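There are structures below to look over.
Each of the next two complexes has subunit A plus one more chain, namely subunit B in the first and subunit C in the second.
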Partner chain A sequence: MTDRMSSVDRRSFLKTAGAAAAATTLPISLVELAFADPAQNFTFAYISDAHIQHIAGTRFVRNWDRGLIRAVAETNLLTPAPDFVMFGGDLAQLGTKAELDHGAEMLSKLNAKLYCVMGEHDYYLDLGEYWSKLFGPQHYSFDHKGVHFVVLNSILTTDDWTYKRWPTAEQRMLEMAGLDNPNGSPFMVGEKQRAWLAGDLAKVGKDTPVVVFSHSPIQKIYKGWNFWTDDAEQVQALLKPFKTPTVVYGHVHQIQYNQIDNITFHSVMATAWPWPYPESYAQAKAELNFPKMTVPMNRADPFFERDATGWQTMDVAGGRPTLKYNLYNNTNRVVGFDPRIGMPADSAYQDPAKRIPPQTHY
Partner chain B sequence: MRKRSLVVAALVLLVAAFVGHGLLTADEFTKADLERWDKEYMSVVAKGRALWTSPELGTNGVACAQCHPNAANTHPESYPKFQQQLGRVITLGEMINWCIRQPLEGQPLALDDPRMVAMQAYVAYERRGVALAPNKH
Partner chain C sequence: MRIERKAAVVVLAALIAALSALAADTAGGGPPLGLPPVPVPAHNPQSEAKVALGKKLFHDKRFSSTGEVACANCHDATKAFTDSPLAVSEGIRKLNGTRNAPTVINAAYMKTQFWDGRSPDLEDQALHPFLNPVEMGLKNHDPILKIVRKDKDYAKAFQDVFGKSGDAITMTEVTRAIAAFERTIVAGNSPFDRWYFGGEPTALNESQKRGFDLFVNKGRCVSCHRVEQTQAVFTDGRFHNVGVGINAIQGDVPGLAKEFLKAQATLAEVDVKVLGDKRTSELGRFAVSRGFDDLGSFKTPTLRNIAVTAPYMHDGSLKTLREVIVHYNNGGVTKEGDRVNDFLSGGIRPLNLTDAEIDDLVALMEALTSPEFAAAPAAAAAAK
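Let's look at the complex of A and B:
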């Protein structure tokens, strides 16, 4: 090794080593959509929940910074390059300009086109004003290679909570930032945005694959931690007329997947830190509605700073995304819709006999 | 003789006090006692929750609750346990100190520091009802 090192210049060695490392660890969490015509298949990358946290001056929490920097760098190494990159919300921890600017600077290194989703940590300081200056509208849609993509701002809540409850914007932000804070308020898409969604979808053929990106799950899993959207059923009702609707959400910092009627649900990983599965909160059991088909990710090992965090690519084939989770200190996972059982399944662990001890959460 | 009768009288009084006053009995307590003790305990749990959700134990603004909402995934029922990453059996307090040092970038607490006691009281309270499971991984 020493001899070889001396015969190659350091720069080209590092380049090769970087490519070799990428080859062994990628893909991370890619989303792939596949079509009957394979030429229509494409891949995009999904990074979420960076929670960039300002300490003071030029100091930010190093741990969370490293998660986003790594995801961006690895996304740029993907071959072939993803068609676009989604950022799934919670770029900031407390919604400040310093945090959003620092996060935007890191995201600016991405080679591919970037689309962003609003998270509650980005929103509740100034109600999304600065975020919108940086990233544009808070809900919108776009078409790509035959798929209709919709981005929702699902982390809104009641006017009373938003405008009347708190003496300062800073306190409102802090109250919503605590996941288990009983002073928080359930997320919702809201009537106005649902009306916009109905209008947007009215222009789309029912056979067109529809993929919705939201920050919170458009399903009700555990209200205590806002793994929840209060008007989930009304949004689902707008998606049900379509043949293969899919919802992809962040917020939960863990692998989840579900099937409700014809709607497929997938969550994406956080780059910042993992969250426990709600079943591991001993006092939550009675009010839990956790998707039974989900094979959990491994329990986090805190001694590996990036364990149980990651990002994903999505391969789009047949209109439905297959998620490839890039897990930094764990075996990568692949979860996609399995037409034989009519619901999403993990490619390796779905059979209970194949599961491993760290996947048990208690 | 007078001294002796004084001692006897004192003993009689002492016995009477033990029999007549619940406060001085070692093995009996009342509903009011239970309520007071619960209040004392819950006030410490509340202090623990406040510390758990605040950044004051660290230097970088990070709080325990950021990764452990409702103190979930801390498994107090499994401690003391063989913490495989450290290669020895440790208490929950030592693991809390590990987290204060690493993700919170703070200074560890003495294991009998009232703040450490409060956080352990909070963790145990959130985990109430779960059976002891020494060394469960």
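Let's look at the complex of A and C:
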């Protein structure tokens, strides 16, 4: 267990974090002073996990369609406009051409340049072939205003599971689409892609801010739901030599953040549906490694169909993204790295006394 | 036979006693059947003299730049406190606003005022139409204060009600009196109330009863138009994009929204902007909150007396109750197959109601009219 929190007394951490939150809102300005030329600050938007689902003919699940359509339309209204837009994976539900085409058509309405991450729901029908025709390579890197961005395909798994286990591609897709499925398989970046990553990062100065986008968390939270990447430690080892590495991931459909050594982790919201936190799942308790610093989202109000879904913008100052969560019918949240405590913190709710109590569930 | 008749007489007597008790209760300030007590802010207690003063102010046409428009022009008691059948209100020099005059009936229960909730209460609401260029068109409130300070009747009334005279009379007193009057305009006792809260099985016909089942189940109406155990204001007080107005300006949203995203407008500026330009009006609550959640959203109106306040929706764009229900049945578009707007509220989706079911829902809406407004012109027209 590499979770930094495990070595810190919980009460003393909460006290520190609470004091920080009480003293000021998120110290974005401090980050700027410490690390960056403010002129280099920029914002990008992040949409993820749309799960566009084909029913038959021209019919798709309306609720998932509306979630992505709305996120795209709102992103286009951002003033000032974001430098680019990321899509964090799981555009489709079962990886079909119909779903990927329908989703791509919605994403085509974005005004800003789009970069895409591969999700397991996009991949396991044809192993990413049609997705790549639409969106290009499955792993790549790019530089923007002094930050080195890396996109990984983190949802690969063993060759045995991928190529030999299943009689049909459709069954392979369905097996990987389920939670708590003993027939599933843990995600991994894989040796080949790690070798590429090592080579890519070798060309980058160690002071350069590095931000990695993956679909699954490059950390081990809960295996049963694949909130997990099996070779997370090996990928983390490649990032550790850098001064301020950050990993941003989708897949979990909820707010999470963590700090493992010098690597900061943030999750992004889904536009489709929320997942519960795995700690609420009785079977998860025994093997759960949930980041203790994460202030969970409050329970969704079932009146609002879009509550507990959303999208986010990320302000990048000094190479460290601060996530501004746009949460429908809920209180927006801001989570960013706080240099005084050396880990990410929520700008308003880190202090337990300030949290919004969850609704009572009957 | 004899016994039965006796029983009937007893029942009738009990009914009369109950009705008189109800009337007494209403006269004594208790709420009508189906409504909770009227919320009255501590700083503005009700009194008979204050209500009478408010009523006089409400009807005074001198409080407009042309001397032709009073509050009552658009909130006409003989038209269920609306300007039905106008789609949007008509102010000075026949200038049109952009929104359908909401009824004053039961406005006292609303948590915010105006279609976009830009005003927190009745007192604040009363300040704005006086100054809006397309409503009463005054440059500032001075002409009103000049009149109420000098006019003998007003001077006496303000002295009696507030103990104030001359310069001590301000818009605070003027709007408090108007709000006090508006808090007396409450109406329940509809056939629905007698059936649902009064336990009168024959108050609704079978179609209306089926309509209520659809209202709470398949039609999903009750999600926003709330009915509670002991009362029904028929609103959740929230704001929703239901696909009216904004559907027609979808291409213009980015340009219009950016104006508000760049700089926060004051509520007085919002008042002028949204009533002065139809396209800006369609941004709805967003112009007030600047929240993406609120794009194209408007406050859930009450459904009480809906049959006598046509036309419908914030822009008066739907002429009949049937058109409204068809719009919802289509999942937020008036014409089936039209493009759904990008910001539609999550709860609005196709309902698959049959024609007969739509008829039943319309029938239920017609059972929400309070007896004192049943003779309003729109009701008479609908009955033909």
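In this text, the second predicted complex is superposed on the first by the 323 of 362 C-alpha atoms of A that agree within 3 Å, B and C clash if a C-alpha of one lies under 4 Å from a C-alpha of the other, contacts with A are read in each partner's own complex, and residues count from 1 in each chain.
Assume a contact is a pair of C-beta atoms (placed from the backbone, for glycine too) under 8 Å apart; a residue touches a chain by one contact, two chains touch by 3 or more.
If you're wondering where the values come from, they're calculated on a predicted model, not measured in any experiment.
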item	value
Which of subunit B and subunit C A:F303 touches, first, second, both or neither	both
Partner chain(s) touched by A:W131 [first = subunit B, second = subunit C, both, neither]	neither
Of subunit C and subunit B, partner touching more subunit A residues	B
Touching partner for A:G178 - first (subunit B), second (subunit C), both, neither	first
Which superposed partner A:Q53 touches (first subunit B, second subunit C, both, neither)	first
First (subunit B), second (subunit C), both or neither touched by A:N63	both
Partner chain(s) touched by A:Y325 [first = subunit B, second = subunit C, both, neither]	neither
Touched partner set for A:W275, first subunit B, second subunit C, both or neither	first
First (subunit B), second (subunit C), both or neither touched by A:F187	neither
Touching partner for A:Y222 - first (subunit B), second (subunit C), both, neither	neither
Subunit B/subunit C common contact set on subunit A	62-63, 303, 305
Sites on subunit A touched by subunit B in the complex	53-55, 59, 61-63, 93, 178-181, 224-225, 273-276, 278, 280-284, 299-303, 305, 357, 361-362
In the complex with subunit A, residue positions of subunit B that touch it	53, 59-62, 65-70, 72-73, 75, 85, 98-99, 102-103, 126-130, 136-137
Complex contact set, residues of subunit A against subunit C	62-63, 66, 69-70, 72-74, 76-77, 79, 303-306, 326, 328-329
Of subunit C, residues touching subunit A in the complex	223, 253-254, 257-258, 261-262, 292-293, 295, 331, 340, 342-344, 346-347, 349
